[in-house]
Structures are given as structure tokens and as C-alpha cells.
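To keep things simple, chains are lettered A, B, C and D as they appear, and every chain counts its residues starting from 1.
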Amino acid sequence: MSGIRFALREGFASIWRRRTSSALAMTAIALAALVLSSLLLVTSNLERLLSGWSTAAEFSVYLVDTATSDQRGAVEAAVDGSGVAARREYVSKVDALARFKRDNAELEALAAALQSNPFPASVEVQVQSEKQGSAEVEVLVAVLAKLPGVADVRYDREWIRRVTGGLSMVRRLGLIIGLVMMAAAALTVAAVIRLAFDARREEIRLMYLVGAPYRFIRGPFIVEGLVLGGLGAGVAVLVLWLGFRAAFAWWTPTLSSLGALEVLRFLPVYTASLVVVGGAVVGAACGFAVSRRTS
Amino acid sequence: MSGRPIIDISGLSKLYARGLPALRELTLAVERGEFIFITGPSGAGKSTLLRLLLLQDRPSNGRIVVNGYDLSTLSKAQIQEYRRGIGFVFQDFRLIPAKTVLENVCFVAEVLGMTESQQKRRAFQVLKSVGLQHRMNAYPAELSGGEQQRVAIARALTSDPSLLLADEPTGNLDPDLALEIMNLFREINAGGTTVIVATHDRELIRLVGCRTLMLDQGTIVEVA
Amino acid sequence: MSGIRFALREGFASIWRRRTSSALAMTAIALAALVLSSLLLVTSNLERLLSGWSTAAEFSVYLVDTATSDQRGAVEAAVDGSGVAARREYVSKVDALARFKRDNAELEALAAALQSNPFPASVEVQVQSEKQGSAEVEVLVAVLAKLPGVADVRYDREWIRRVTGGLSMVRRLGLIIGLVMMAAAALTVAAVIRLAFDARREEIRLMYLVGAPYRFIRGPFIVEGLVLGGLGAGVAVLVLWLGFRAAFAWWTPTLSSLGALEVLRFLPVYTASLVVVGGAVVGAACGFAVSRRTS
Amino acid sequence: MSGRPIIDISGLSKLYARGLPALRELTLAVERGEFIFITGPSGAGKSTLLRLLLLQDRPSNGRIVVNGYDLSTLSKAQIQEYRRGIGFVFQDFRLIPAKTVLENVCFVAEVLGMTESQQKRRAFQVLKSVGLQHRMNAYPAELSGGEQQRVAIARALTSDPSLLLADEPTGNLDPDLALEIMNLFREINAGGTTVIVATHDRELIRLVGCRTLMLDQGTIVEVA
């Protein structure tokens, strides 16, 4: 009990006594944490953005002009029963023509020249993002192609391949860089705290020699490391949040035109706290390590 | 003086990595409540002997028994406890530069578990006994050499130790002050504390007049 | 002269003497430099990628079916004379039909049913990336629309707006974050070197007191800071390069499917050297600063 | 002893931020080639006086003229040059812990512009004169207190200074060794170097028998 009070008092007193050194250490730690947390912020948002794009992955089941509504019902039932569809929509021949006219305005002449409607009706299926590129989808497509009344099934494999490939790359890269950065940030925190304590080896040695119990010697250093690490990481998260808000306010038009306005989000509270707690833990561990017997 | 000796050293040797042995096959018994001087030329091994008694270093050979405990068998926590019972004046003072005189002394009192007011009272008391109560709030760098040495002495006395080891405690003091400090040590000794002082000051030894061990090249060459 | 030899010898000796401390300092510096240089790498590549996309920004000048080859020549001359086009291509009616068939395979029936070719000929113009969205392009489009034989001029304003918006955002964000990171990295280097030297204030003080000339006192510290800073930054660039190569080897298929394989490039030698020199300069400045009179 | 004094101090005062003045209106002239002891109780101002002579600190008041130069008028570069002409033994040694004994001494020789072989020769010579040539490659932490003090003395002698200031240079030495060091100082003094030694050791002063200034509370109370 008295050990804890002592550690807190001495730890804070020592931070204050050596405030320049403490401030320098905290700044360096904050920068390491800032880098780590911005990385987390960027990858998490990039992932969300990409997975938003990839929900565009869909395929169309074209029906023959003679398809009955039972046959169409069977197609829709097959889609619903497969469990891979996020959404499906029936596009009639009339809708298809209207869409063609809208998308190809330069072909007015052509459209006007049409005597009959050459566009087939279709059922458009949007694949759930987590099922994209999976074997289940391939099976469904194969099944649908064989159903009566179905002329053809097409989906843009290329698009799916690109987006899912990009997504998994972002995920893997994010994971790797994230781990490297986490190790790097921890190492920086450790290095800085170790350097900040280097000048005090004599002091630690003396504390051992006057018979101070271990908790008296190590406690203040643990507190000091904890505070420096936690405060540094906290400052980093705060700065990142301010930067995020500022960027948001600044680039609202651009972001909204990119369709990113609703997707971009700050780090969840859980992750942010993890960064702060991580800083504190690494700091405390360093404080513990530097205060071990030195003679 | 009778019964089991408080310090029982036998066959003690210390060899450092390079150079000659600092201590050679030293054997010595110190009775409880004794006052002993250790003297000898520079590099004779005085500090080494005191360092080994504080467990600041380990012997290369031989045994040190203090209060019936073989020092080599103590656990880490026991070593710290053992050290709390010792007052040690370091030859190079070893004050904490970032703490004031008062804080340097209070720290030792706090380690012993005193309350804050007890710490202050005790620190003031020992600082007064070495004549430094008026420099309480100065930092070590703001003190003269002799003043720093007296803070180191005050700190060693704070715990009211049962064993006081002082390594050249008067090297930076004028003769009058040195004698005063020795009288202080005698007083403490009269209270039952065993005192061992390493010193070069023959005049001081003569004035105090106690059992004196003369070390040279790591062995005891004379007992007076 | 003897001052420089002394500084070099003492600086290196001191780094070696305190190798743990030096290694820690160098590690922390390397991390700061790594972060800065990865940021440079990412933004420069992202910019190149985006500006690659934005060269897709183009418009088409549709010709009436009765346009003469003189009229077509006038259009092409206007395009060439404007100085905003990166490339132009004539697409004949036949080409246009073929392209329609290729892009809309599901409309085979429709294409086959066509008696005449309803697609107009056109001149497709690709706008130079740096002119995209500029007033010059708008003027050219207005001029072209009025030329005889021209039916219509269309270009995808939306796409241009998005890409150029995104590009300028990346540039501005990159600049701001880059400056912040540069300051941060410099600060970290300074903090770390200052902390690494903190334990040596007494030594510096003594050097002044024995009457060492300024160049003897400050020289070794400058060398030490220079070496630590430069080496740290150098290690960072090396690590980044290795990581870049590894990522490249790993994700070749994904990258190529994203069309990024030819666009991605490592930092130019100039920038990489700038990072290293910057680290060395900041380190030397810190060494200079910490060795000033301390009493 | 005649002509202009090498050191001419007049009205010298030093006040630290807190506490009483360390020096009060001190006036003193030292002839070229003199050997002077400064003594006095702990905290009397001996170290302060020597520190002011090294320009380690600035006077609050008064003037110090050395070799005809008013110390307060020297530029930064001149201060460094002036210091190179002084040998100083610090009361707390101030050895560089990361350098060996030899390197600690060579460093000073190098600052004077000696070549590497000259440095080594000179360093060996001064280390031998204090009896430490066999500990040349040890680090300060591996030396006894007295050995460290002797390295500090050796370092001060390296530059063959025209003015030698020694602050309590024998506090950690046994009387025989202390006398040996004093004889070394006398030898150097005989070569024309002005020597000022601050010490508490009355016995030593008696044995050497020189002009002695007694300081107390910042003023000269006695000249013998």
C-alpha cells in the first residue's frame, strides 16, 4: 500500500523534476503512436471503402422472351434459396430498353429506329460481399444457367476478381504493416524510455544499496513509464482525431463526390483505447526493465 | 564485549577481472558494539572490504557471516532487508543529484516505513547533528565538498543502523569537524551500534584511540 | 585539421563505446525516417496511379453522317491546335459498331437485327492530365461543338471531377502529412539524440573546464549526431526498399490485375538521398546543440 | 618574488542564489612562482575561490586579474585558451567514466595539440609520477578512491601548466602518499609554476611549510 503511494508520488515528482527530458520522451512516444494509429485509421477506412465497392459485384440472369412467370419464379426461388444473394431485382424488357436509352444517349437514332424491343428481361443478383468469388456463387450460376426459361447468366468476373484481390491485399498489407508498426512503436517507446533513464543508473544503484525494497525501487519507474507511454499514446490519438476532423471539414465536397463521406469513420473507441493502453503497458514494461539490478 | 561476534569473516579474497587481488585470505571477527578503524595505503582494499560487507560486490572466495547469517545465502529480498540495517557512508558520497538534501535523507526514512512527519523529523534531526539543517533545501550540486560529505553521513545515520560502515567519511572535512563527526559516531556506538570506519587520518585515529586494523595489499598487516 | 581528425575519431569511438545506447538511438531514428519515407513512397505512387487513371478523361466529338473529310480534318486540326490533347483517335462508323458489339455481347440479337449502322463516326480526344478540368478544355469543347459536321461533343465531366478532385486531395493531404511527418521525424531524431547525450553533460562540462577549444568539444558530438542520424535514415530507406521489393514479389498477380504493376515505383534516388541527408543534418544539428556550454 | 603579481584579486564577492555569500570582499595578490595553501572550515569558500579563478563561475562583484588580463573581459575562445594554461585538480575528481585512465589523461594532451606519440609519452610520465602507470588501462570505476584522485592530479599536470590549482588533492590519500604528492607539487613549483592548494590537512601544511591563507565564511581571517 505505502509502496503504491510512494511509487505514484515519486513517479510523478520525477516526471516533473526532469520535465524537459520527460517532454522529449513523451513527444517521441506520441509520434510513434501517432504513426501506428494513423495506419490503423487508414487501413480500416480503406477496407470499408473497398468492401463498399465490391458489393457492386453482381450477375444478371437473362430470360428468354418466352419465359413464363413460373419460370421466372423458379429462378428467383433458386437465387433466394442459395443464401449468397444480398439483393435481387427483376428487370423487365421495358426497363431494359429504358436503361439502354438512358445509358447510351448518343444512340437516340438507333433506339428510335427499333421496331421491336430487342432487350431481354433479366433478374439482377447482387452477391453478398463475403461470398464474392466463392464456390457457392459458381454453383448457383451453374444451376441457374440450366433452369428452363434462362437464356444466359453473366457476371463480371473481372470486377470481382479485382476488388476482392485488392481487398485481400489491403487486408494482408495492413496486417503486416500494422504488426511491423506496432513492433516499431513499441521499440521506439522502449528505446526512448531507456534513454531517458540512462542518466539515472547511479540513482537506481544507490536505491538498491540503501536497502530499498524492490517495490520502492521499481514502482516509481513503472509509474513513470506508464504515464509517459500512456500520455504519449493519448496525445497521439487526440492529434489524430483533430486531424481527422479537420480533414473532414476541409474536404467535405471532394469526399462526398467520391462517395466516401458516409464510409469514412474514426477509429472505434475500442481500438483507440487499445493504442493508449498499449503505450502505457509498453512504457510500464520499460520502466520495469530499466530498474532491474544494475550492479 | 562477549558472545558471538556480529561480523565473522574467514578466508575472504576478492579478485577483480584485471590486476592483483584486492583482498587476500582475510580473516576478521568484530564483536557486537565495537568501534574499529581500518587504515592502510591507497588501494589497500579498505573500500573493497566494506563493499563486500554491504553485498555491493561478491567475494571471490571465503565467507562473511553477519549476525549469524552467511551473506552468500541471502535471497534478493533478504539482501535488501539486510542492507536496511546498515548505515553506509560512501567514499564518493553518492547523493541523488535531482533531490534536495532533505529529500536525499527522507528517502531512506521512507524506505524504512516511517510516516511523512516522522521522516521529516528524523531527517531534520540527523542533518542538525552534522550541522547542515540550514542547507536542507539545497541540491547536492549547490553544496561544498565537505557539506556533501556530511549529507552522506546524515543519510547513513537516518535508519539508526545496528551496523555503521563509513568509507573515508572525513576526507573533505577540516580536523575540528572531523573530530566532531567522530564524536557523533562514538555516541552512536555507545548506543550499541557497531561502527567500522575506513580512514587515512592517523591524527583522527590517535585522538579517538580504538582498535585499528592496518591493511596493505589486501591483508591485515597490523592490529593496534 | 587536427580538430576534424579528432572529431571523427572521438565521435566514432564514442558511438562504439556506448553501443547499446547508440543502437537504441539509431533504431528510434530509423523508425521515424521509415515512417516519413514510406509516406513519401505511398503518396508519390498514389499520385502516379491516380494521374494514370485520370488520363482516361477524354471526350468524343460525334460527326454527322454527312460530314466530309475536310470537316473531319478541321475538327482534328482544332484539337491539335488547342494544345490540351494528349492523344486523339478517329473512330469510324464501322469501328463504332464493332465496339458496340464487343461491349454489349448480350445484345447480339439487336446488333444482328440492324439493317443500317446507326452509330456515328467520332473523334475521341484524350485530355492531357495537367489540363483536365481546365478552362482551356471547356473552350475547346465549345469551339468544336460549333464546327460544321459536328453533331455533338460529350465528355464525362463527372469522372474528371472525381479523379482531379481525388488527385488534388491526395496531393494536398500528402503535402500536409508529409510536412507534419518531416517535422515529427526531425523532432524525434532531436529528442532521441538529446536523450542519448543527457547522460554526458558532466563530460561536456569537463571538456570546457580543461580548456578544450570549441571545435574539440563540439566536433565529436556533431560527428556522432551526423552518423546516428544518417545511419538511422539510411537503414530506414534500406528497410523500406526491401519491404517494397518483397511486397512486389508477393503480390505481382494482384497488382498486375489492378493495372498497378507498371505504375508503382520506389522513391527516386534523389528523394531517398534527401531522407538520408536530412537525417544526418538533423543529427548533426542536435549534436551541435547538445554540446553548447553547460555551465 | 617581485614584479607584477600573477594573480591580483580585489574586492571579490560571490553570492549564490540562496544562502549567505560564499566570498566577501576578498583581496589577494599571488606572486609568480609562489606556493600557497588555502585552508579553512567546510563551506568557507575555498572551492568557490578556485572555481572563480578557473572561470567556472562568475564573480558577483570585484575583479580578478591573472597575468595582467582581467578575467571578466575574456572572449569565449580566450577563456578556453586561458584554461589550457591552468592545471586544475577538482575536489570531486571529474574523471570521464567512459574513458580509461590513459585516455582521460591523453585527452588533455591532445587538446594542447600534441601528436599521438607525444600524448602517450606525456601521459605515461605523469601517471608514473603519481604511481599509477600499472592501472593505465583501467576505467575510473575500477579504481580506489585514492587512485581516482591521483588520476585527477596526473591530468592536471599533463599540460605542464603555469598555474596549478588543486582543490583538496589529498583528501583520499594516506599521509605518506599525500606528502609525496606535495613534494611533486614542490618540484613543479621549483620549475616556475605557481601553485595554490586548498586543503584541510594541517599536518601537511606544517610539513610543507608555505604561505597559508585561512578562509572563514568568505573572508581571509589569517595569513601564516
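What we mean here is this: a residue touches a chain if its C-beta (ideal position, glycine included) is under 8 Å from a C-beta of that chain, and two chains touch if they have at least 3 such contacts.
Source: prediction; values computed, not measured.
The set of chains touching subunit A and also touching subunit D is given as B, C. Most remote chain with respect to subunit B, judged by CA-atom centres, is C. Separation between the centroids of subunit A and subunit B, computed from CA atoms only, is 62 Å.
Centroids built from CA atoms put subunit C at 67 Å from subunit B. Separating the CA-averaged centres of subunit B and subunit D is a span of 29 Å.
For subunit C, the set of residues that touch two or more other chains is empty. Multi-chain contact residues, meaning those touching two or more other chains, do not occur anywhere in subunit B. If you sketch which chains touch which, the chains form one closed loop in which each chain touches exactly two neighbours. Remark: the chains found to touch one another pair up as A-B, A-C, B-D, C-D. Of all residues in subunit B, only 16, 18-19, 39-43, 46-48, 91-92, 134-135, 137-138, 142, 144-147, 150, 167-168, 171-178, 200, 202-203 touch subunit D in the complex they form.
Across the complex, subunit B meets subunit A through its residues 54, 56-57, 76-77, 80-86, 88, 90, 94, 96, 98, 107-108, 110-111, 113, 155.
Residue ranges of subunit A in contact with subunit B, taken from their complex: 2, 6, 14, 17-18, 200, 202-203, 206-214, 216, 293, 295. Residue ranges on subunit C touching subunit A, taken from their complex, read 21, 24-25, 27-28, 31-32, 34-35, 60, 62, 106-107, 109-110, 113-114, 116, 118-120, 152, 154, 161-162, 165-166, 168-169, 173, 184-185, 187-188, 190-192, 194-196, 198-199, 247, 251, 253-255, 257-258.
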